[in-house]
Amino acid sequence: MLIVMSSTATADHVRGVCERVRELGLTPNEIPGAVRVAIGVTGNKGALDPALFNRLPGVQEAVAVSKPWKLVSREVKPDDTVIDVRGVKIGGGALVVMAGPCSVESREQVISTARHVREQGASILRGGAFKPRTSPYDFQGLREEGLALLAEARDATGMPIITEVKDTETLPAVAEVADILQIGARNMQNFSLLEAVGALGKPVMLKRGIASTVNEWLMAAEYIVSRGNYQVMLCERGIRTFETLTRNTLDLGIVPIVRGITHLPIVVDPSHGTGVARAVGPMTRAAAATGVDGIIVEVHPSPSKALSDGPQALTFEMFTELMGDVRKVAAALGQPLG
Amino acid sequence: MLIVMSSTATADHVRGVCERVRELGLTPNEIPGAVRVAIGVTGNKGALDPALFNRLPGVQEAVAVSKPWKLVSREVKPDDTVIDVRGVKIGGGALVVMAGPCSVESREQVISTARHVREQGASILRGGAFKPRTSPYDFQGLREEGLALLAEARDATGMPIITEVKDTETLPAVAEVADILQIGARNMQNFSLLEAVGALGKPVMLKRGIASTVNEWLMAAEYIVSRGNYQVMLCERGIRTFETLTRNTLDLGIVPIVRGITHLPIVVDPSHGTGVARAVGPMTRAAAATGVDGIIVEVHPSPSKALSDGPQALTFEMFTELMGDVRKVAAALGQPLG
Amino acid sequence: MLIVMSSTATADHVRGVCERVRELGLTPNEIPGAVRVAIGVTGNKGALDPALFNRLPGVQEAVAVSKPWKLVSREVKPDDTVIDVRGVKIGGGALVVMAGPCSVESREQVISTARHVREQGASILRGGAFKPRTSPYDFQGLREEGLALLAEARDATGMPIITEVKDTETLPAVAEVADILQIGARNMQNFSLLEAVGALGKPVMLKRGIASTVNEWLMAAEYIVSRGNYQVMLCERGIRTFETLTRNTLDLGIVPIVRGITHLPIVVDPSHGTGVARAVGPMTRAAAATGVDGIIVEVHPSPSKALSDGPQALTFEMFTELMGDVRKVAAALGQPLG
Amino acid sequence: MLIVMSSTATADHVRGVCERVRELGLTPNEIPGAVRVAIGVTGNKGALDPALFNRLPGVQEAVAVSKPWKLVSREVKPDDTVIDVRGVKIGGGALVVMAGPCSVESREQVISTARHVREQGASILRGGAFKPRTSPYDFQGLREEGLALLAEARDATGMPIITEVKDTETLPAVAEVADILQIGARNMQNFSLLEAVGALGKPVMLKRGIASTVNEWLMAAEYIVSRGNYQVMLCERGIRTFETLTRNTLDLGIVPIVRGITHLPIVVDPSHGTGVARAVGPMTRAAAATGVDGIIVEVHPSPSKALSDGPQALTFEMFTELMGDVRKVAAALGQPLG
């Protein structure tokens, strides 16, 4: 159930409706809009009768929501969500480029990379400090030291930081430094972590699980949003198929579909989506051509020496060339770089 | 084994090498090149000794080929194959747009569509006359009548025709009219049909099977090429995954990979690749941004009345808008429309 | 629409109903039953009114069929189809074991294998003469010579023969020798071939395509049955997934589901379903435990020297042990060996 | 690297070798065996020289381990791991049946189910108290109250309990009651949770992720074992494929393969593996026929009223019939019920 308030409704009207929802044993979720407020009702088992709310003061209309996800749906919030990260706006029409190394490995590595991607037009720095790895014997990241280096790189370049949070234990440490909390593909259905970042109120980038349907992905986003945090962007990063020449199959085809279903911004990760450096350029151009809100790519001063995911990292030269192309494609379609 | 002839080798030299190959019980395949001829040797069980050929007159070098596919490989033929279809060149650097209805349904339908797509910049007309359908009770195409209507549309617009050939029985009829023979996804490993089109010497578009690896796809192309027909273009049209919001998952990520492996032109089919009309535009732009040689899309005067695949067909208006966008993306990346 | 005739209906009644169906521009399909005949009506676009047939003489009831497949459905023919192959009954409650080499390679190989599997309790001999192969350079079978050797093996052992038919061109030659025509996974949607075997009236084993849904598989069977050939058995042989330790993923879970939907017999192929000899035994036992109608396994006198699929072939010793186990499992569940 | 101690090696010898390993900056992992101890060495980047350990007192042999997983490998520990859960032995040759409701819903529900499955031969009670659910609006389990009811059911029937642990926050509460900690498919790569249960030393059942390769699954188990907890059993519960008639595709074919690679016990879950009640019986029989160590099935007094996963739950009557069949199959293959 979605209760749409009239554009002249007062704060008292909104409060009154929320109270009524709570009296019915349900949860009201205030959804901010440009000209009016809406209130998503969650917690009901079956369908609700619109007559319960239709005549309350300030209510324009109460409408049933037909999808399993509610708060992330365009039915409930038709206008695009715009997330402001230290002045960089994601979802507001511009194409935001996030770039940096897979793992933070050293001061020199992360700061030189940050400077290079900044110069070329990236506006957010990516870098992993806590790394979930398939093998317990692989490099697990520089952890707190990595976070400190990311903060240094931010100071040096002014770029906001996105970094992965892998569990609730290290969430406080990561949240203190990160400007965007990244939830990795393997944690997409780690519901306790989703609830924890939902309660925090920081921007979150939710990667699609390696074999998750769009439906499950949106339900995972709903976990975060239903805790009150609307600053969620989705990230398509490739799904698992039978093809082995690429690490994953980047599912760009769902971008226009997801766009129609949800108001949340959409980011594409061609680095994990292909796993092969020479495919990253073409697929970044392709992602830009679909009109996404952001792109996140891995760049490393010396990919062959990277401690993780070297085969998919771009060199500085490759990134420079890529940014030239991305700029051209975005300009051709009338989208500014963010 | 690939025998590279020197640029000064004569026709007699080439003949001599071929004879030697046959004496060994193997098959020589002449591979035309811009400045020199190469001879692919097939039919051997194990590795061949280069010394068998290295010192024959006119031979520059005999090299082992490390891939299971041979004649379609860039190792064997480094320069791009360009296919000339009544003056339209596929693989020569330009972006060729093929458009038209899924099925030919009537004179009015196919000719009006041909005229519209022609005006908007398409250069090849697609349309199905013999339709392989999942159900025996579904519309199977107008068959010979459909071919005749396609020929009329060609006469009316000057556009070459691509149409599907579904079996060896109807191949002669189809080949008489078609300028490009399309092998559908379900027939990708119909080896008898591959051999038959290989023997014909007409341009062929080989669609990737719904669950075929790139390896299997290239081996299927090798079936055609090894019969002497080098005029083969590959068509990525989406693979089957667990996601159900799109009909298939368009695997654009393999485009740059395949490009590196083979000299054959690559075409993308965003209509079957998504199965959803409003995703076709974004994915066509995306395909253009990867730098493919061609795009094939379904257009229908009235999609809701189409006898097959209506949900993925573009209206004339949608196609007009799409061509505007495709032109911009291609121009931004320096690729002319073919 | 299914028209169920009463148990006392005469041949004239049946003829009258068929005539009425044809007058409506539709196709009547006579479906033989133990106590009554039914007539499946195909060719209609929308729903038919039962009143069109309900009151014709001899008609008990006309019922709408809700599934896309009709003639293969249990709704239309509730009792199991039993296929009699030279006295071996498939679908009649017993477990029929089909065994033999992947490819027929020599007289000695096929006859020694036939004798061994016969002794151990197999009742049908498998062996490929025309082999569809992924690579044009792989062994394509002994062709006509292979068929002749199969016929010799049948004479020597009395076992009926199952062998693959790969195209309509070689169908007459194959059909002359084969007792069961096998349609391979790659040809499951080769509709021209399906129609051709449908017209022949010989028993057919239809393998599931490597990425075919059960729905598509049953529609493929419908192609055969709708041409009048009800002697079709289905064969689950593994589907393609992301897992690479097995060649395919044997989808035993659909066996009880398919059993509920169709009256056609079901066979399982653990050799292709796993691709690994030491997994064939356990999966054959597993298939037997689900209560299938048949099992088809590859056996070779010397798997390491096999010209095709050696890694999945059982040695004579392995087959002997396997048959001991299969006998025990089937006996435990009350199923005799056929 | 694996250091195999001689059968006459003393505790001092073992201590000496471990010390040497630590001096090299590496980690020794003692692996208990029936007649000898082995020491797995982890933490090395490249290959180690066997000569470093070969001549230390008590060492029989130092061998390189070729697989990415080490401690879970049969190369390192050839004999089967047997896990003793309050006297029920998993991995010791018997077939252990675990049964119970998906979610604990009430005292009456869980105790009546426990009593029924106990009578029919199940030896471990399953039941979810903390439920990870795709939607934030679905029933999330009775939580602590559910654990208390499970403990009551154990007191009433004497059956050990297996229940899911969904995060590190609730792990202490769950571990206090559970006899086996179940890690669900969505948490298979929740590495922090794996490490936490690895440190606890309680039996763990690790479900395969919905799109995990066997390789990734074994690496996840390695996370647990490398923390010192060898009491890990693997559970195949179906993978995600394109087929939609079943909820998942139960991948029984990997059972014999996994059996050859690892010494850990293997359990199969036909309830999640099919998602369809009438497929659970046949697939449980099939699993038993492959010779697994355990089976886990969902049983509910009234499936249509279940708060979660009702469509796949067996009624009491279905479970009774199933156990009769399972007993027969296991007996036929010489495996006792555990």
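The chains carry the letters A, B, C and D, assigned in the order they are written, with residues numbered from 1 in each.
Here is the rule we use: a residue touches a chain if its C-beta (ideal position, glycine included) is under 8 Å from a C-beta of that chain, and two chains touch if they have at least 3 such contacts.
All of these numbers come straight from a predicted model, not from anything done at the bench.
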item	value
Chain pair showing more contacts of the two, C-D and B-C	C-D
Chain whose average C-alpha position is farthest from subunit C's own	A
Whole-Å separation of chain centres (CA-atom averages), subunit B against subunit D	49
For subunit B paired with subunit C, centre-to-centre distance based on mean C-alpha positions, whole Å	34
Residues of subunit B whose C-beta touches two or more other chains	211, 240-242, 244
Complex interface listing, subunit A residues touching subunit C	240-242, 244
Residues of subunit B touching subunit C in the complex	42-43, 68-70, 132-137, 166-169, 186-187, 189-193, 210-211, 216, 219, 222-223, 226, 240
Interfacial residue positions of subunit C with respect to subunit D in the complex	211, 213-215, 238-239, 241-246, 248-257, 260, 273-274, 276, 278-279, 281-283, 285-291, 325, 328-329, 331-333
